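Naming follows writing order (A, B, C, D, E and F), and every chain is counted from residue 1.
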Amino acid sequence: MKKIEAIIKPFKLEEVKDALADIGIEGMTVTEVKGFGRQKGHTEIYRGSEYTVDFLPKIKLEIVVADSVVENAVAIIVKTAKTGKIGDGKVFVLPVEEAVRIRTDEKGDKAV
Amino acid sequence: MKRFWKYLLTAALLATPLVATWAQDAATPAAPAAEAVAAAAATVADAAAAAPAYKDLEAFAGSPGYAIFTTNNLWMMLSTALVFIMHLGFATVETGLTRSKNTVNILFKNTLIPCIGLLTYAIIGFNLMYPGGDYAGKWFGFSGFGVSVSDDIANLTDTYNAGYTYWTDFLFQGMFAATAATIVSGAVAERVKLGTFMVFSTIFVAISYPITGMWKWGGGWLNALETPFYDFAGSTLVHSVGGWGALAGVMLLGPRIGKYSADGKVRPVLGHSMPLATIGVFLLWLGWFGFNGGSVLSANPGLTSLVLVTTCLAAAAGGVTSALTSFVLLKKPDLSMALNGILAGLVGITAGADQMSAMSSVIIGGIAGIIVVISVLFFDKIKIDDPVGAISVHLVCGIWGTLAVGLFGNLAGMAQVVSQLKGIVSIGLFTFIFAFALFFILKMVMGLRVSAEEEIEGLDVSEHGAHAYPDFQAAAEK
Amino acid sequence: MKRFWKYLLTAALLATPLVATWAQDAATPAAPAAEAVAAAAATVADAAAAAPAYKDLEAFAGSPGYAIFTTNNLWMMLSTALVFIMHLGFATVETGLTRSKNTVNILFKNTLIPCIGLLTYAIIGFNLMYPGGDYAGKWFGFSGFGVSVSDDIANLTDTYNAGYTYWTDFLFQGMFAATAATIVSGAVAERVKLGTFMVFSTIFVAISYPITGMWKWGGGWLNALETPFYDFAGSTLVHSVGGWGALAGVMLLGPRIGKYSADGKVRPVLGHSMPLATIGVFLLWLGWFGFNGGSVLSANPGLTSLVLVTTCLAAAAGGVTSALTSFVLLKKPDLSMALNGILAGLVGITAGADQMSAMSSVIIGGIAGIIVVISVLFFDKIKIDDPVGAISVHLVCGIWGTLAVGLFGNLAGMAQVVSQLKGIVSIGLFTFIFAFALFFILKMVMGLRVSAEEEIEGLDVSEHGAHAYPDFQAAAEK
Amino acid sequence: MKRFWKYLLTAALLATPLVATWAQDAATPAAPAAEAVAAAAATVADAAAAAPAYKDLEAFAGSPGYAIFTTNNLWMMLSTALVFIMHLGFATVETGLTRSKNTVNILFKNTLIPCIGLLTYAIIGFNLMYPGGDYAGKWFGFSGFGVSVSDDIANLTDTYNAGYTYWTDFLFQGMFAATAATIVSGAVAERVKLGTFMVFSTIFVAISYPITGMWKWGGGWLNALETPFYDFAGSTLVHSVGGWGALAGVMLLGPRIGKYSADGKVRPVLGHSMPLATIGVFLLWLGWFGFNGGSVLSANPGLTSLVLVTTCLAAAAGGVTSALTSFVLLKKPDLSMALNGILAGLVGITAGADQMSAMSSVIIGGIAGIIVVISVLFFDKIKIDDPVGAISVHLVCGIWGTLAVGLFGNLAGMAQVVSQLKGIVSIGLFTFIFAFALFFILKMVMGLRVSAEEEIEGLDVSEHGAHAYPDFQAAAEK
Amino acid sequence: MKKIEAIIKPFKLEEVKDALADIGIEGMTVTEVKGFGRQKGHTEIYRGSEYTVDFLPKIKLEIVVADSVVENAVAIIVKTAKTGKIGDGKVFVLPVEEAVRIRTDEKGDKAV
Amino acid sequence: MKKIEAIIKPFKLEEVKDALADIGIEGMTVTEVKGFGRQKGHTEIYRGSEYTVDFLPKIKLEIVVADSVVENAVAIIVKTAKTGKIGDGKVFVLPVEEAVRIRTDEKGDKAV
């Protein structure tokens, strides 16, 4: 099993979720995060002082999938989340050693 | 969508001359009716010149009429304060029913509108709306720029009016004026360009609102119909006017991104704070004590207290029926609908608050509460995307309330219904065309809508470079 | 826990006939005392019929009493507006002191209660509470359904009352009525079923509140005691009544899940917005300018201004002593306790606001501020889980304030203390039994409490399918 | 930074004797000027004793002056209620413009200050500020502890004053008093120790504010200048006084951690809720209807309505010019600046609200709106860290407004400018030195500032062990 | 060392934390997340339009533990967080290569 | 590639970010989390009842870097985030198998 971590632009969430559902992935966990990267934040002004909002709102998707699905899933995410503009985000793949479904005690690929 | 407004526009253009003739007919034979209270303001500005004045203010203070005049004026000043706080009500309702990424933008608009409204009303609006007796029965009048008291003694005593001084008159009317523009603000929220909207509001409140206001309250042609059009505190003159402006804006803007799915299904865009929305509705209700109560134009005990009763009962009935209607239609008791229902009841009773029995006011408010729910669903369906329900509350229930004057209460009768329709249609046409044309021109010149990117990011960042809730920012910026 | 309310209930049942006899004794010999101001409303409805009326309203407007009547009525109308805004105060206090997952639910209840309260008061409550002179000294009276002015001239002039018109009377009293139900709302929050609560409130405000209100303000038996029971603006008639209803509800509901750990220790359930709670308390204080000030029932300058002073000083003292008490007992200056303390001071002074010196009002309010903190801790300990402290503020301090009339100020004396106790006990018993029985029946019929799952998920989702703060939803739904 | 306040302090010390002599000069020849309205309060307390009183209150109620007195008193009571609600306005503005981790702390302070202020004003402040005619033209006076009506009939009728009873007088003035301390609260927010600040406020409001208030409103030396110093409703007596206290506090406290980067650049510390800030400003504007309107000290229709007009136009103008100024200077329409601008306009018009034409009020308010933006930027630059802009709004615009009385309107003239300067400087020196010394002593004795750790963690946790928004806590505690 | 990531129902947090403390695990990091899975969200209505709340609030626990503890910890979490109803969540185990305690510079098992 | 997960005190974020930028790391993802550990929360009082705030606000940094950079990055974080007081936090290092930049489809070290 692998864990796919994708950092994407928030307004792409709906689309990515639907695209993943289309290939049968129906479990994921979503976190609101802030990203810092090449996409520089905007300068804002509050009561006359400028400041840079360095950290931009992003969405992190965490999806644990069987090894066989990883490649396809990553490809789908990359395709769907792409706008071509800076700040589109990253996809990382990490190894997972075990997975358990709490409700049923099922383990491994069956659990995800 | 496109077809819808094309149709409306055509209809409007065709109807204008028609209505004009019709109104002219009515105006010719009828002498300006002397409606005891509501229209008293009409012939005021010049009355002062003619009437005998007190030697000086001391003399007035010693006169037998001083105490009651002071009391009347006091009531009008407090009504002014209450109408003022409605602007905070509008600000919080609109903020609460929209997303947090557009909060600064809405607050900015709703803070600046009463400021601009008061200033333009001082410069031009007041004298457009109350040009004086020379223009009685007319379509238009103007008595010069600025406000000032040329003749102290007359304008600050009951020579000016039995109920208030010149200054109170101006301020009370000025607080009303900005309301119309504020109504528009809610409907076009979350996508309209700030600059464009500010220009629109300024012109709308400076010119359009006072002109149609003059038709009735300024002693103009609608007031001079044989059976005069009746609009006690502004179901049509204030609320529908705002509602027509809102409709024009929304039609030209189109719906917010995400409001309709690709296959055309309605998707809700959730307001971000129900406490703010609720605070707003209570403040509006409170303000209506002055909006309607002050429209008696004196502290007349019987009339003012009746007006407060009809106002509150209509609000209560609207709240209850809209909650029930939303429960029946939508299976859940919807808070935002109950809130809209209270406002619907208030708008509904506004045209006839001084003419109704307690029972009639309950019926009028109760029907408004049902209408508003159906109207919100209807406008959503025809893709008129109005984030706060302003069109349903102010335009639809404003029309309902104006009609209700012909159906219930002291003035009920066919002739009155006809006069009410004349008022509704003529003011509607003028305002809608004015607002549509103005928005259209501004769209060409300045642009009307922010870019899709700016809309997604939120107007707070794109228009103001600011956040409404920086501490909770991550969550806020979906 | 179970034992506690069994005890109370038994005590209540035993005491009823006792009190009844006692009260009867008192009522028999005493002629209805003519209390100059506070009870003026009692004999009003029929006074109008008997008294000489003006030829017409014009005649009244020309009469020498018109100016002062207009002023009095104006004060009463503004007091009505101020009492109205207390409903927003209650809504925000309760919302602020509970969790965000129940916010829509609380706002919905507190929006609908004044709506329903006004309507039922118009239909039945007003005529139950002020049935007129025929029922003077009685336990119960009713003068027919609905509100309407049968005799315009009398009811809209000082023939009706020196201080206000019939309409003002109705609306002022109607705004009071809904308050009692709103008090209950806070105490049963976060677990009561919406439908059940709405039915309870409707019946409570339509029947229970006006009946006990009639005993004193409607000229009933408590007003006819030799030493009449005194409750200027409703420490008992409004606040305790709400408090008893709250106590009955909480006893039948039980504490919120998570309020007590498995080993019985109290665990705090944190309110979600201190700004909302603070806004609420300030609005309530503001509203009390009308609640107490308007209870003078005229604009009498000496009396109204005294009442505002005692009201504000008691509030201030309550705020300070509760802050100090919480600091001493809890080591930290607790904002929510200071807020409760202000309300405690206000409730405490309400029964005798027109009878106290400045100094006495400070003492009464100051003691209320101490009482409320101890009371909150006490009720938590005996597992009466009251999220907003409504029972401590309204019931306990309502009793304290009513007693204080016998201990301080113009009326102080043993006979007064006895009369105050009679009022406290009789109204308490009636209300508690009524509310308990009503909640109990509803529990059988409709169910009283949402399921544990719904409670954990929050009533906003389970009862309304809605979120109060959708933008911040993740955080909100713990 | 250090140098800056050393300079100011030295200047202050040097200037004191100078001003004293100058003032004395002026005071000697001039008899206490009988300013018709605004100073009426000055000689009131003792007037009662001398003047002929009514036999009893019944007699007064039957007298021809009763109606107008009741109306006047009613206006003053409502103005009191409106000034009261300003405290909620201050609370929400300050809360909104600071971080959520300090919210409970700010709410606690702003809830307790009016409580403490009212109590101290009852015990000592009122009698320090209005010591009676014996002290006319003096620097100091005191007429004993506590408030009570020794002579009912005189103090509750127009024998006391044409506009209000003794009780109304006390309560209206008491509501003003606490305002000064509340202004300080905003400027020192987010780092001042709670206990220290509470002690400061108590002494400041009990002693400093009434003493300088007496100089003018209590009939003291500034009122006795040949050309009397003029401050209608307190641009200097209330707002600058608060502003000087704020300046002293900020100078001794230093800026918040994080406000300036290591290299000295200004870094914004974002307020956490723009809706709260906006609610606050609207409530303050509403309150100003009473703050200025009530300062007419009667319901005089011409004067009160003029005052409301100048007040609202100045607010509107301030809002518009500050929005424009911030747009020009900062390229973005800044909501918080527009809000400050409205307050700036209000503070600016306060000194001369009854002396200005509509046009002059627009100019005065408009200039205040420009000044406030520049002032906020300036104080940020010189490292006077004032989270809510209190010094710019209340001190700087308070000075501007006081000066404007000499430049515009009925009193304009060189002599008036000089008198205005005398008032500004003398009251400024006294207040600044008093506040600075008091803060300094408290700093030695109790400590002035929380530890860096506590500041970073937030005062809510460190001072109160509480959270303002527990449900959203993660986000809130950055 | 391993990292245990557990997605659980929010109201179970207290209990799970206590159960872990009982077996000596006293360090963990908690994140508020939203989960998408078989447990379908409820349908809600806002002003007449239906919508589905797809993403349900969940709590993510991250606990880095020594290899020896993993099995027991996972078992405890599964046991304690189970309600038997859909949406109970998952437990994942990921490899960790290094751990440092910032305060002391301690590394490895001692750091967690 | 490795993923560095650092749990730090919130007010250290600015400094750590700047320190990482100095060594050329310019991408990271930040999450607001709550930490439970040896640093016991404070006891607070609400309306008379005591309660312990067990979970303290922390910031989680996630930084995916090339293997060569890991050691230095961890050292920098530890150094910068250290206050020496309890609750300073942890740094964990996890293996990453793949990384993709959504905008460009770049993979591996180039993507981070």
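Methods note: a residue touches a chain if its C-beta (ideal position, glycine included) is under 8 Å from a C-beta of that chain, and two chains touch if they have at least 3 such contacts.
None of the values given here were measured: they were computed from a predicted structure.
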item: Chain pair showing more contacts of the two, A-B and A-E; value: A-E
item: Rounded Å distance between chain B and chain F, as computed from the means of their C-alpha atoms; value: 54
item: Gap in Å, rounded to a whole number, between the CA centres of chain E and chain C; value: 47
item: Multi-partner residues of chain D (at least 2 other chains); value: 67-68, 71, 74, 78, 270-271, 273, 279, 332, 334, 465-467, 472-475, 478
item: Two or more partner chains touched - positions in chain A; value: 31-34, 44-46, 94-95
item: Contact graph of the chains (line, ring, star, complete, other); value: other
item: Listing of all chain pairs that touch each other, if any do; value: A-B, A-D, A-E, A-F, B-C, B-D, B-E, C-D, C-E, C-F, D-F, E-F
item: Of chain A, residues touching chain E in the complex; value: 1, 3, 17, 26-31, 64, 94-103, 105, 111-112
item: Residue ranges of chain E in contact with chain A within the complex; value: 2, 6-8, 31-38, 54-55, 58, 60, 74, 77-78, 81-95
item: Complex contact set, residues of chain C against chain B; value: 57, 61, 66-71, 73-74, 77-78, 80-81, 84-85, 87-88, 91-92, 95, 103-104, 107-108, 110-112, 114-119, 122, 146-148, 152, 156-157, 164-168, 170-171, 174, 194, 273, 276, 279, 463-475
item: Chain C-facing residues of chain B, complex; value: 67-68, 71-72, 74-75, 78, 82, 99-101, 270-275, 278-279, 281-283, 285-286, 289, 293, 299-302, 304-306, 308-309, 312-313, 315-317, 319-320, 323, 332-335, 338-339, 342, 357-359, 362, 472, 475-476, 478
item: Chain A to chain D touching residues, read off their complex; value: 44-51
